[in-house]
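Okay, so chain A shows up in both of these, paired with chain B first and chain C after.
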Partner chain A sequence: MKEAIENLLQHFGEAVTAWSQVSPDEVRFTICPDKWQEVAQYLRDDPQWQMDYPADLTVWDTGQEFGVYLRLWSSVYNHNVLVLTTLSRERPVIASLAQLYPGVNWHEREMYDMYGVIFDGHPNLKRILLPDDWEGFPFRKDYVAEPSGDPLRGPQPVN
Partner chain B sequence: MGVKERLEKGLIKVPGGTILIAKISDLMAWARKSSLWSLTFGLSCCAIEMMATAASRYDLDRFGMFFRATPRQADVMIVAGWVSVKMAPFIKRLYEQMPEPKYVIAMGGCASAGGPYRDSITIVKGVDQFVPVDVYVYGCPPRPENLILGILKLQERIREEHLAEKNGLPKPVREPIIIPETGATG
Partner chain C sequence: MEILSQGMVINVGPQHPSTHGVLRLILALDGEQILACEPVIGYLHRGLEKMMERRPYRHNIPFTDRLDYLAALSNNLGICQCIERLGAVEVPERAKYIRVLLMELQRIASHLVFLGTFGTDLGATTMFLYAFREREMVLDLLEECTGARLTYNWVRVGGVPDDLPEGFGQKVLDFIKLFRQRIDEYNQLLTRNRIFRSRTRGIGVLPKETALAYGCSGPVIRGSGVPYDIRKVALYEVYDRVEFEVPVFEQGDVWARYLVRMEEMRQSCRIIEQVIRDMPDGPVLTKLPKIFKPPAGIAYSRVESPRGELSFMMVSDGSPNPVRVHIRAPSFVNLSVLPRLLEGAKVADLVAILGSLDIVLGEIDR
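Here is the complex of A and B:
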């Protein structure tokens, strides 16, 4: 695994801003968001990685920081990789991975639904759980809403 | 007692015969209350109890009640479970598609008032926010006996409603029937 990490760091250079090996078979990379798709493709296709299983793709929002992370698993080497990147809260745009991993299609729709992350290149980016006319992204830490008074409509965001 | 007076009380059977004499309106009320067809409407865990109520152990068929998969053949809608904001317009539409006279039973805490999800932004705080409810059955979920009690009370009401109309009395105000929680959890 050590060689594979070195090759990845060499391949992407400055795009990987931080990394740490948390256990013998798990490594975390913090990358800049414009290399999101390239890193995922590299991890999937490189023979030293072969991360063929997208275990998780979701958002984290601490109130200050806002970003997405991707957890991959390799069924060949039994390695885990966590790829993190931070996004701007005002305009969270990131490349879609739905072409690489068809399984994350609905994950990305849910992330758009709840957090408003816009996935560039997603085949069908619209709300998946909430009603189509819902306003706001309710899982964000800065989401504040008040009841709309109409039981058939969701609450209205205040800010 | 003459036939007319006896007819005021509803159905009479001719002694020794197989003939029933009744007013058409009485017969209609009797038939209506005895064959309440319900709209299949399981939304969450209360639906399990509703299915148990319909299955062989409790057997809703005894009361002439069974489930239809279309609102056009249904008389009563049992809303069993929580109602999300996304689901509510469809419930309203299904209710509007049911032919009159129609009744609604809110089964369980969620359909009655939102239940444990009352503070959630996506859950409607009771189905009575957008359709008129006739019977509230409390419980989380209610036991099948409680649901049956609610249905029996609703049948009584259908009967009374009709009798009041027949006797020229004002139609009773339709206060909702409330079935309290009983049994092991009540």
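Here is the complex of A and C:
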């Protein structure tokens, strides 16, 4: 695994801002967001990694910026890789991985639904859990909902 | 003579007995053949992940009972493991054994619901009565230990809240002895049933590569020939100290997914026997401070729930409440492959294919 990490760091240079090996079979990379798709593709196709299983993808909001979290697993080596990046609140856009890994399709739709993060190149980016006419992105830290008094409309965003 | 067919869009659910909850499917049909399928979910969405951000870490455990309500203990374990990793909490040995014992009982109970409802889906209504008869026995055992029958809330950060009741091990062993014979009965009733076989074999085939690329887990991926079991690849709790096999079938059809679950119940029996034999004495809960503040960071946990890889991911900033709790629900990912499975299938097979994924809408919608 050591050699594979070195090759990846060499291949992407300064795009990898931080990394750490948490355990013998798990490594975490923090990268800059514009290399998101390239890193995922490299991890999937490089024979030293072969991360063929998209385990998880999610977003979180710190109040200042969005974090994006991707977890991959390799059925060949039984290794886990976490890929982390941050997005600004003003322009929450990141490349979609749905073409590389069909399994993240619904995860990306859910994160768009909850946080309003745009996954560029997603084949079907629309709300998945909330109704199509829902206003706002409820998992953002600045989203405040108050009961509307109408059970059919549910809580409404306060602006 | 040429038979002309006309395209048609029909709606299944959200209130339909075969959808196992409030799931809606929009189907585009050409005669009896399904051309495309779009699942519509979110009818049970409660915003649990957001609710968890507003509460201290340990207050969130009861919420997880409401995710996958057929395997509440697996969810409890998932969130507790995640918090333990975040705060580097040690778990006493005896608590680990108790956890594994309860998880495997839970797996048997959950697979029995699958067996009963799957039989009913395919018209074998008798199976439901047999499966629920044994499920009642498991629920009685779990009730004796935890005090609840469905929403147990029985795993704590740092162990389990209390020791097993007196004589519990023997009662479980008695049940296992009986249950092994009952599995043979199920096989006679359902597995060897010719109608059942012809309705499940070669239906809804999920190739190995598709299962991996879609991130399927649990019996769905193991029915497609990938030995992906978190109990083996992550070795949490004491799964590295018990002997058991991971049943894998290569066919990838509805029949294979059914066989995986049947065999898993036998393996669970094996695990339970070893755990009861090897369980050490000692404390079951680590003492933690009243206000629990894990250091800042990101942690995730992986648990093999009866439905597949259940993963919790938490972001902490050092305050008493989490910044973010994310739940990777196995049913959510397994359901996303349904449109692929239904392409070109017959309408009559829809119920069999959907049933073989064994989804729980509580954790899909969260």
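Heads up, the rule we're going with is that the second predicted complex is superposed on the first by the 152 of 159 C-alpha atoms of A that agree within 3 Å, B and C clash if a C-alpha of one lies under 4 Å from a C-alpha of the other, contacts with A are read in each partner's own complex, and residues count from 1 in each chain.
Throughout what follows, contacts are C-beta pairs under 8 Å (C-beta built on N, C-alpha and C of every residue); 3 or more make two chains touch, one makes a residue touch a chain.
Source: prediction; values computed, not measured.
**Q** One more residue to check, A:152. First (chain B), second (chain C), both or neither?
**A** In the superposed model, A:152 contacts chain B only, not chain C.
**Q** Of the two partner chains, chain B (first) and chain C (second), which one does A:138 touch, if any: first, second, both, or neither?
**A** Both partners, chain B and chain C.
**Q** Which chain, chain B or chain C, ends up touching more residues of chain A in the combined arrangement?
**A** Greater contact footprint in residues on chain A: C.
**Q** Of the two partner chains, chain B (first) and chain C (second), which one does A:78 touch, if any: first, second, both, or neither?
**A** A:78 contacts chain C only, not chain B.
**Q** According to the stated criteria, A:130 is in contact with first (chain B), second (chain C), both, or neither; which is it?
**A** both
**Q** A:53 contacts which: chain B (first), chain C (second), both, neither?
**A** After superposing on A, A:53 lies in contact with chain C but is clear of chain B.
**Q** Can you list the residues of chain A that touch chain B in one structure and chain C in the other?
**A** Common interface on chain A, chain B vs chain C: 129-131, 138.
**Q** Can you check the complex and tell me which residues of chain B touch chain A?
**A** Residues in contact with chain A: 85-86, 88-89, 92, 121-122, 124-125, 129-130.
**Q** Note which residues of chain A are touching chain B in the complex, please.
**A** 129-131, 134, 138, 145, 151-155
**Q** Within the complex, which stretch of chain C touches chain A?
**A** 41-42, 45, 47, 49-50, 210, 212-216, 226, 228, 233, 298, 300, 309, 311, 313, 315, 317, 323-324, 326, 328, 332-333, 336, 365-366
**Q** Which of the residues in chain A end up touching chain C in this complex?
**A** 52-56, 58, 60-62, 67, 69, 71, 73, 75, 78, 82, 84, 101-106, 128-131, 138-139
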